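The same chain A turns up in both complexes below, where it pairs with chain B and then with chain C.
Showing the complex of A and B:
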C-alpha cells in the first residue's frame, strides 16, 4: 500500500500560497490529455444536468425532479432539456431522430433527449451522495479499526470480510429484492457494497500513519482518540482516499445504471437511464433502437469519462512521486 | 504449507458462516411480508397466518436459520416417531415426503374431519392405498389435547388434534382452497442447505436445488467459454502493450481496454446487439431456449453473450498484464540481461515474460466477483438460462428460498476461487509461503 507522501510531509512556513497550490494541482490535471478528455465527457453531462431546466434556482424542486414527481416538472421551464421528460407527444410514438425530437421518442411519445437530460440529474446526484455516505461510514470504521487495533479491529474486519466476499451485484440484488426499489434503498445498497472497501483502504492508511511522530506528539499532548483519528490521521490520508472515491463514483454510476437495467432501479416514470435501456431493448428487433442506443451511450460516456479522469490523474501523480 | 491451508480453510468457513447469516437476515428478516410478496396483497389475514404456518415462517429466526441450514426432517422424525424420507416420483415428476414404517414401507396421513385418521400407504408400483387407521393413535400432549404427528400430503410434518375442525387455507395449483381437519402445527420438511436441499421455491413449488444445478452448469459453461477465449488474447496483447510502453500502440491498447472495462456490460452488450444482430444480421441477438440442450446445439447463439463478457475481461486482464510487464522490464535482472548483450528475443521470452505473467494469472482468479456481476447482466440481456437470470427472477418475484440458495452458491464460488488464487500465489511465490 502506498501512501501519498507529499501530503504527509512537514509544512514549511514560507511555502507556496493556497492559490499557487491549487494552480499546481490543476496543472497536474491539465497536463494529462486523457484526463482532460475524460473531464470534457463528464462536464458535458454536468452542464446538461444543471441547466436542463430553470429549477436549478429553486432548490426545493431538485429532489422532486430527481424522483420523477409530475407536479415538479409542471412548475419548471425546460432549458437544455427542451421538453418535460414526462410530456407525451400525441402521435409521435417510437420515432427516430428529427428536428423536433433530436434523439427520437419512446413508446409513450416522450422526448428521448429530455429524458436523458433529466435522467443525468438522478445519476449525478445519487452517485456522489451514496459514495459520500459510504465514505463516512467506511472511513469511520476503517480509522477506528486501524487506530485501536486488537479485538475491535479483528471483529470489524472479519465482518467486513464477510461482506466483501459477496459479489457486489449479488448484494444489490438481495438488498433491493428485500427492501424494494426506491432512491433510499439504492443508496443503502451502494453504501453497504462500497463501505467495506473504503474501510479496508482507510485502515491500512491508518496503520501506516499512526506510527508517525506527529501522532505520537498528539498522544503525548493528551489529545483524545477521536481528535487524533479525525484531525491528525484522516487529513493526512486524504490523497489516496480522494482518488479511490473518484473511482467509486464511477462504480456507483455503473451500479445505478445496472440496477435500472435489471428493473430494480428508480421506479417509472422517472427518467432513469438504466430503465430507459431496459424498456428500450424490446424495440430493437422492431427497428427502433434509439432508446437503448442513446441511453447506453450516455451512461458509457459518463463512466468512461470518470475512469479516464481518475486514470490520467493517477498516472500524473505517480510521475510526480 | 499445510498450516497455511488449514488456517485459510478455517477463515473460509467462518466467512461463509457470516455470509449465510447476512443473507438470511437480509432476505428473511428485512421489513417486508413474505406472504404478501408471494401471494399478492389481496389475501386475508387468515390466509396469511395459514401460509406462514405452512412454510415455517411463524417460527423464531433461530429455528428458521437452523432449518434452512441443516434441515427439519430430523426434528420431524423425533415428533413422528419414525424416520422421514424424500422420494422422487418419476412418473409425475414430483418430490414427496413420506414417513418410513419399520418394514420399509412409506406412508402419509390426513384426516377429513378431525376424528378418523386416514393412512395413505405407498405401494411398490407408485400407487397409493388409503386405509382408515384403527385403534387409538392419538396421544395426549401437555395441554391435555389428543394429538397425532404425521407426514401430510404436502411435504410437511403436521400435528393434528383430535376433534379439531380447524380450517386451513392452502394454495394448490388451481386456487386457494380451504379444507377442514387441518393440522394445528406444521414443520415444512427439508434437508437443509448443507445437505443439498435449500428449500422449495415459492414460484414454482419445486425444490430449488433441482433448477439451480442445471442453471449453474449453463453459467459455468458460458463463463468458461469466455474465459478460454479471452485469456490468451488478453495476455498476449497485454505483453505487447507492456513491451511498447509509452508508444502509440501502448496508448491505443491502454485506452481501448479502459473504455472496454469501464463501459457497463449492458451498454456494451446493446452496442454489440445493434451492430451484429440488428444491423449486420450476422448473429442472433438473443438466446432462445427450447430445451435443456439448446445452447449446445446452436452455438452461434452464444457468440454475442461470450463477446460481451469477453470485452470486459479483456480490458481488465490486458491492463494488469501490461502493468506487470512494465514493472518487470524495469527490474535489475532485465537490465543485467540487456547489458550482458543477450538478444532481445531471449530477454523477452526467457526472462521477462515468465515473471510478468505471474501477477495476472493470480489476479485473474481474484477477479471472479467482477465476472459474476458481468454474467448476471449478460444472461439477462440475452435471455441466457443461467444462474444470473435465475437469481434476478427470484429477486423480482421475492422467491426467498431461491434467492438465498443462489446467493450462497455464488458466494461459495467466489470465495473458493479466491482461496484457490491464494494457493496458486503461495505456490508460485515461495517468499510468502511460511509467513
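Showing the complex of A and C:
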C-alpha cells in the first residue's frame, strides 16, 4: 500500500451528471419506435387532460399578469375542452360532428369533446394512483414473502392466491356494490384486485435477486432485512416492475371504464368515459353512434398506447441484458 | 502428401452490430492434420469461440465470414447455403461445447438421442444403432454402457454427461472434432479423465481435433500444436513444447509468466500479471494490437501492424522483434519484487485467530414422501460440513481445496454466519461464532468479511462504486462522516484503482475491476479475517495474477488473516501458508502448504495433484484417476468416506476392509500436518511424489 496520508483530502471529481443519466435512460425509450408511438397516443390525452380548461395552466392568468386585467384573472374559460362538460346546449342534442361541436353532442345536448376531455382527467388521475397504491402494497408483500420465505411466504402467497382465484370483474363488482360507487372505493377495488398479481411478480424477482452475491455481502455486513429488501433488492427489480405497472395502468383504465359502463363508476353527471359509452349505447340503433364510438375509441387509444409503451420498453430492456 | 483435414486461410469473421460491423476474428490461418490436436488459447474476448463457430458456420444471424476461405477436405465451406453446407460436411465435423447439459436434451433418454445421430444421417436400423452407441460409450470408458442408454441426462453425473456428448460427437467417426472449452465446467479429477479421453480418441480414430481453452494446463496436456490468439489475431503458433519452452511472442510469454507454477509459493516468487486488458474490437490500437500491453514496445510497433511470419518451419509469430526477445533474459518490473520475504521468523508467536472444533452444518433435505407432507416423514439431512476441526493462525492464509460439493463454501458460510451451525464449536478471537450473522455483535461482524466468487454479481448494479464502498464505512462508523469520501478514495487506491472509479457503475467495469472493488468493500471495515470464496476462478489468468498479488500485498500491509477457497491447486499453493483438503464434508488432510504437496499424501490429495493440468508439457505426472462419482452427502459412505474411490486401499491388509468399517484415525506427520487415513504413515511416506517437473530454466 503506497497511499500517502496526505492524499486523503477528496477532490470532487465530475462524474456523469444527473442530466446525462436521465438522457441515457430516455435513450432506451426513444430507440424503440413502438414505444415512441405508444407514448404519442398516451401523451395526446395527457395534454388534453392538462389543458382541458385553464385552471392550472390558464392562459388568462398570463394575459392578466401582462395586461393587469383583473377580470381576465378571475374568469375561467374552458380552453382545449372548449365548453364546460356540463353545459347543455338547448336544441343541439344528439347531433353528429360539426364545426361547433367537434365530436357531436349527447342526449342532453352536452358537447362530447368537452366531456371526453374532462373525463380524461379523472381517468388519468385515478388509474395511475390506484396502480401506484397497488404497487406499494403488492410490492411490499411480494418482497417480504420472497426475501424471508418459509412460513411468511407460504401464508402471504396462499392468501393472495385465494384472492386471485376470484375473477377480477367479480371482485370489482362485489367491492363497489358493498362500499358504494365513489372515487375512493374505485381505488380500493383496483388495489385489492391488482395487488396479488404485483406481489407475485415482485416475489419471483426477489427470489432471483436474493441469491446474488451482493445480497450476501449486505448480509455479512449485518444489514437489516428492510435495508436489504428495499435498498439492495427492489431497485434491481425496477425494470420488469415498471413495465408491469404500465400494463396495469392500462387494465385499470379498462376496469374504470367497465365500472362506469355498468353504472358503478364515478356517479353522474361526472364525465366518465365508461358511463358515456353506456348512455350512448341506446342511441346506436337510432342512428347516433357518436357517444359510444368516441368514448370507446378514447379508452382504446389510451390502453393501446400504454401497452405499446410497455412492449417497446420491454424489448429494449431485453436487448440491453 | 497433403494430410490437412481443414485449412483455414486468412479468415476474418465479423458481427453486425448497431454501430456497424465489428471484426471479431482477423486474418487467421492454420491447418489441422489427421490425428493431430491443435490447441487454441487466449484470454476471453480474443475470438477463440467465434473462430470455432465460424468453422461450422454457426455464427448466429448477425455473424458472417467476411474474408478468407475455409477448406474442409478439399472443398470450400464459405459462401454456401445452409443446406449445401450440411451436405458437404455431412457428419464429418462434430462439436463439443462447454456445458454438457446444454448439449443434451433433458426429456430424451440418452439412447434415443445417441442413436438418432446414426439413424437420421445414415440408413442404420434401430437395434444396430443402439449396439453401436453402447460400443461407443464403452470406448469413452463409461461404466455399464447398456444401462446408461436407458437413463435420462440428469441421472448421470456431469463428467459422464460430457463423456456422452463426446461419444455422440464421435459416433459418425468425424474427420474433425471441435471442442470449445470442453472441461471448463468440470472438476479437476473429472477434467483429467476427459482429457485422457481426448488423447485416446485421437490415437484410436486418427481424428483431427481443435481444442479451445483458456487454461494453459489443459492445452499443455493434450495439444500437439498450440495457437495463441489475441484480440482476434493469431499471434503465435508452434509445437506445444516449443510454445512453453521458447515462446517468441510477448503475449505468449506474458501468459506463461502470470501462471503460478504448481509447487511455487508466495515465499520468494511472484506472479507477473499482464497490464491493461484486451482491447475491444471496436477500438483497436493503430499498430500492433498487443503494443499497449507489451513490455518490449518500440516505435515501429506503434506505426505498423506486424504480419504473421515464419521463425522457422513450424513456428510462426506476429511480432517484429521475436528473435530479440528472450524469455530467459526478461527482467521483472521493479515494483513486482516478491512480496513475502523468505526469512521466516522461526520463533514467531503463533496466535490462533479462529478455531473450529467438530463443526457441523447440515441442510434439511426436503423429502418427497407423502408422510413428510404431514410432518411424519423421516428427516433427512445433507451433511455439507461434518465434524471439521481446524485452527487459523493470525496473519496467515488457510487455503481450502476440494471438488465441488465437498462443503468448502458451506464451511465459509457457516463461519461468516450466512448459515447456522448444526453442532460443534467455532470461536473467533475468543467469541463464539456459531450463530447467524443477525445475532452477532456489530464489532464481531466487522471483523469478519468476505470476498465473493462471481465478479458479475458481487456488485449491486444499481449503485455507483463509491456508494457501495461507502456503505460499510457508514455502517461500522469507521471514519467521521466528512472523511468518508477520502477513505473511499484511499481504499480504491489500495486496490490499485483511480479516484474516478468513484462514480462508475458496475456495468462499466471489467471482471477484474469488479473483483478489486469487492475486495475494497470487504476491507472497508478493516476486518481481521477475510474469507475469500474462489475470488479468482472466474477471472482471466492475467487478471487472476494481479488479484492474487493484490491479496498478498494487502495481507502483508494490514496483517489480515485469510481463508482462501479455490479449486485450482496451483493458486491455492501459491497464496496459502496452510492448506486443508476437503472431501465430502470432512477434512482429509491439513497442514502447512509445502507439506501437503509432498509425500506423505492422503490418497485423495494424491489423486487431486495427479489430476491438475500443469502448464508445462515436459512435466511428468503420475497418472491416478478416481473412479466413480462423489457419493451423495445425504448418505455418505460408512467408515472412511473416501473408501468407495480410494486407489490406495490395497496398501492395507485384506483389501482395506477396515476402511469400510471404521472411521480412520488422524495420523500426525509432524508440524501440524495431519492425515485422516487408515494407511499407516510409513506406507504413505513411501509413495513417490506425484509431479516430477524438470528443473526450470527460466528461474529469474
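Keep this in mind: the second predicted complex is superposed on the first by the 279 of 321 C-alpha atoms of A that agree within 3 Å, B and C clash if a C-alpha of one lies under 4 Å from a C-alpha of the other, contacts with A are read in each partner's own complex, and residues count from 1 in each chain.
Just so we're on the same page, contacts are C-beta pairs under 8 Å (C-beta built on N, C-alpha and C of every residue); 3 or more make two chains touch, one makes a residue touch a chain.
Every value quoted in this text rests on a predicted model; they were computed, and no experiment measured them.
**Student:** Of the two partner chains, chain B (first) and chain C (second), which one does A:307 touch, if any: first, second, both, or neither?
**Tutor:** first
**Student:** Between chain B and chain C, whom does A:130 touch in the aligned arrangement: first, second, both, or neither?
**Tutor:** After superposing on A, A:130 lies clear of both chain B and chain C.
**Student:** State whether chain B or chain C is in contact with more residues of chain A in the superposed arrangement.
**Tutor:** After superposition, B is the partner touching more of chain A.
**Student:** A:105 contacts which: chain B (first), chain C (second), both, neither?
**Tutor:** In the superposed model, A:105 contacts neither chain B nor chain C.
**Student:** After the superposition on A, what does A:220 contact: first (chain B), second (chain C), both or neither?
**Tutor:** Second partner only, chain C.
**Student:** Tell me which partner A:254 touches in the superposition: chain B (first), chain C (second), both or neither.
**Tutor:** Only chain B; A:254 stays clear of chain C.
**Student:** Using the superposition on chain A described above, determine whether A:163 touches chain B (first), chain C (second), both, or neither.
**Tutor:** Touch status of A:163: first partner only.
**Student:** Quick check on the superposed pair: does A:206 touch chain B, chain C, both, or neither? Answer first, second, both or neither.
**Tutor:** Neither chain B nor chain C is touched by A:206.
**Student:** Within the complex, which stretch of chain C touches chain A?
**Tutor:** 416-418, 437-438, 440, 442, 445, 448-450, 452-454, 457-464, 468, 471-472, 475-476, 483, 485-487, 489-490, 493-494, 499-500, 502-504, 518, 521-522, 525, 553-554, 557-558
**Student:** In their shared complex, at which residues does chain A touch chain C?
**Tutor:** It comes out as residues 1-3, 7-11, 13, 15-16, 212-214, 216-217, 219-223, 232, 235-236.
**Student:** What part of chain A is in contact with chain B in the complex they form?
**Tutor:** Going by the criterion above, the answer is residues 34, 158-159, 161-163, 165-170, 173-180, 250, 254, 257-258, 261-264, 274, 277, 281, 284-285, 287, 289, 292-293, 296-297, 299-300, 303-304, 306-308, 311.
**Student:** Could you please specify the touching residues of chain B with respect to chain A in the complex?
**Tutor:** 11, 14-16, 18-19, 22-23, 26-27, 30-32, 255, 258-259, 261-268, 270-271, 273-274, 277-278, 285, 368-370, 372-373, 376-377, 380-381, 391-392, 394-396, 398, 403, 407, 410-411, 414-415, 418
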